[in-house]
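Here's the structure we're looking at; comments come further down.
Labels A, B and C are assigned to the chains in the order they are written; within every chain, residues are numbered from 1.
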């Protein structure tokens, strides 16, 4: 096995001002990834600045103007996506909700990924007791219904954003833990790991320099899809009445609140649903692009200008 | 998204589906929740009642929304004084197992609904704190004594489903049994319940010869099932699914939505603050928007058809300026009007409860109240709604929906307004006396007394009274059936006929 | 292998016990079922009677000891809400859910591996982009949305399938199809990712260099190597289905264990919650053991 180490790419991007330009031109080479990055930047900006400017409009109900249909500019451009069940502009609501949504989804995904993969690395690499006990921990978490966990945590604490992150993060730990462990079980038997060990590399070095880079692509794939999963899980919790509650808003909550109107005012849950889909899609395109860029064997595709797809 | 087009196209599908079912004299009813229990003594729960009440088991008396109290298993009754009533039973009535209905069965039923080993809902809901003793005079005559005396005992008996003397006192019945026009066949848990008509029924033989009950949680699915012909009646669908005027009926469903104020806590102990809360709400704006057309503004806890409902009362007008003025006035007298008030709403309590609460909260904020909305699930909600209230609470307003289809305010008033009432936020000795007086009164005096109670509560703005709700049913066009106020708690198959 | 299985059985039994302890005490922190069971107007005496009847007044530790004592005799207790033993309700629901999960995961596994591997074979190609796009949209669309649109389209308008319920084979089509979409998207992506890595690995290259130009052989070689993370993710998705496909069960009126679990949690029917968790946990533990055995079979270098 030729080591598929990310080191060369990583060092290259550290080379100074030229590196950014290289990265941008590589990005430009993949038009879809480019669009994805632009979309994600917009979402991030909305998440940071949206609540500051739009909080006011999104909290004023106007019952007589409820469920206003989309693409009608007579009420102002904020109503281009239509009005919600209380007559508030959907576009503004989606922008404001981006903040909570991103905090919950990113918080839960990042936390579960870090904790899960760390435990998975230990469980996979260790031949001792940790290798036996940690997977059983995953078993227990997997069989503990997430809904019950949500009820317990949110009943005793408040249904606040932070607690929701805890609940969702815990329930997502097993998938990272088990995937990492499974991969490590195999990688640790590979030639280059054995070689590194024989050459006296420290465990830390083997795990972080040799094993983690190989596992990372799979974990990123799962994490980007998990983003959608977490947003939707949060939506169903809200629907069951144990998630985030108004006046706080998230895309998931908007989707679940729009659900009864699915057949009469489709736009209520369509737009926030679309926001979730586009975010997931963008993250995935970005992670596929990163995978190509960080892989010396595939990078040529982009350097060739992305014209040829082998 | 061509959903709209699809929906319009469905008229065709409906027509196509009809002939296949037209010959069939059984009906399929799609309910919103699975039944966890089928015991007749739980039939005051609406989900059990829709299957069991008056179909499988019958009551001594029956309340007709238009005609008043009617005989059913009892043919007549008279007040013997001292809290005792004598009931004469219908002759020739048989239970489904063939045994004849007699006074012993009634006596046993009354013991059973109060049994400590079952804790039936009928007993807990309607006979809490009432001791019942019976004396069997002969096979078809029974004296029932209530302590304390109940002037409306015959009305109370319209809630009690009569079961045979063999029904166990220490557990639920495996299969519901009674005297009704339908016999229980089978309950395939999670799937369906089937009933078939009772050949030995004492009354007229109904047109519907059998029924199947299925369960779907989602309102859109229930509506779709009637549309496709998979079901005949969906007793309860959401406003936004009631889109076809030919099959969808709205009916007043005896539920009243209000916000209970904790009047023992500042600033809610000040009548001006409470009136300001009432004036701040634009009630009309809800109707035809998030709540259905036909929803009525409420001035009292019970439906307008209840005796003593005070029809002269006017809902508090929407007047934000007046609300602000009242707040100012209270503030000038040192009432802490800026204190944060928590609004507690109950999740999934009725369709659009969340929207309703969000809108209410913003209306209160608009006039300057410092309110904070908390939507909680039922278990947590109950901790705020029922006594004992949390020790460390601040001033609270609790949204609730109350159902009283029983025709008399007594089923509501003590619980909701008396100082000792379990869900009462009021501590007012004058009101306590008024309620006690009305409870003991009879005849016209009773109606008058209740009317005064309604008027006093309204004047004092003890709560923010909101709406009398309507429900929606979808009924297949092959049936001749019009839902009424009782459809919320029962669905009598014998009242259904075919077109 | 025998030793491994023995160890695993013991470890799993300990985990199961831990789970029971955890759930028993934690679930009781969420409140008393009395108020949920009785009407809000019920008198204080009725409430007291109810607590006494169901042993809710005993100290928690006592309740737990009693529960364990019954459990040893395989008595899972009576449901508070339902007029039947908790385990009956759970097993009935679980048999539905298990069937649903097996059918769905079987289809998902076959389809996702085939399409994922094909996509990886020509990275960036038209098929790859299409498969990625479709699977991602599937994986991030709300399932209730798909479910309701499917009912409106296929049942109400086209009249091809029944809206909901059980009874005939046709009743299974929509629930399975809706459940299929999300795991399909996720697993397809994982298969694609691991296949890309595997196809680049040294031994596939060696095989090619040696002149094993035959694509299927390479394919099988690479696939085998790519299977470890795939199996893990399949397991994870299957576990999620076994825990109950709540939304789908709710919408389609499917009497599975997920709906039962939700109702029991919201109603605080503790015996049913516990029984349901034990049954599903048992299934999940068993599945995880099988997965670990599969690892060892697929890759003989792996030893435990």
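We take it that contacts are C-beta pairs under 8 Å (C-beta built on N, C-alpha and C of every residue); 3 or more make two chains touch, one makes a residue touch a chain.
What you see is a predicted model, and the numbers here were worked out from it, not measured in a lab.
S.K.: Find the most central chain, measuring centrality by the gap between its CA centroid and the centroid of all protein CA atoms shown.
M.R.: Per-chain C-alpha centroids compared to the overall one single out C.
S.K.: My parser should flag the chain pair with the most contacts; which pair should that be?
M.R.: Per-pair contact counts point to A-C as the maximum.
S.K.: Using mean CA coordinates as chain centres, what's the gap between chain A and chain C in Å?
M.R.: Each chain's C-alpha centroid was found; their separation is 22 Å.
S.K.: Distance between chain B and chain C based on Cα centroids, please, to the nearest Å.
M.R.: Centres of chain B and chain C (C-alpha means) sit 38 Å apart.
S.K.: How many angstrom lie between the CA centroids of chain A and chain B, rounded to a whole number?
M.R.: So the centroids are 46 Å from each other.
S.K.: Please set out, as single numbers or ranges, the residues of chain B touching at least two other chains.
M.R.: Within chain B, the residues that touch at least two other chains are 3, 7, 220, 377, 379-380.
S.K.: Among the residues of chain A, which ones contact at least 2 other chains?
M.R.: 151, 155, 240, 262-263
S.K.: Which residues belonging to chain C are in contact with no fewer than two other chains?
M.R.: 30-31, 148-149, 152, 266
S.K.: Quick check on the complex: what are the chain A residues that touch chain C?
M.R.: It comes out as residues 1-2, 4, 131-133, 135-137, 139-140, 142-148, 151-152, 155-156, 174-175, 178-179, 181-183, 185-186, 189, 214, 217-218, 221-222, 225, 228-229, 231-232, 235-236, 239-240, 255, 259, 262-263, 269, 273, 276-277, 279-281, 284, 288, 291, 297-298, 301, 309-310.
S.K.: Which bits of chain C are touching chain B when the two form their complex?
M.R.: 30-31, 35-36, 38-46, 49-50, 52-53, 79, 81-84, 89, 92-93, 96, 148-149, 151-153, 155-159, 162-166, 250-253, 255, 259, 263, 266, 268
S.K.: For a test of understanding, state which residues of chain B touch chain C in their complex under the given definition.
M.R.: Chain B reaches chain C through residues 3, 6-7, 9-10, 13, 16-17, 34, 36-39, 44-45, 116-117, 119, 121, 123-125, 128-129, 171-172, 174, 189-191, 214-218, 220-221, 224-225, 227-228, 230, 377-380, 382-383, 385-386, 411, 415, 422-423.
S.K.: For the complex, which residues does chain A have touching chain B?
M.R.: Counting only chain A, the residues touching chain B are 59-61, 63-64, 66, 85-86, 151, 155, 240-242, 245-247, 257, 260-266, 270.
S.K.: Using the touch definition up top, name the residues of chain C that touch chain A in the complex.
M.R.: Chain C residues touching chain A: 7, 11-12, 14-15, 18-19, 22-23, 26-27, 29-31, 122-125, 132-133, 136-137, 139-145, 148-149, 152, 182, 185-186, 189-190, 193-194, 196-197, 200-203, 225, 228-229, 231-233, 235-236, 239, 243-244, 246-247, 261-262, 265-266, 273, 277, 280-281, 284-285, 288, 295, 299, 301-302, 304.
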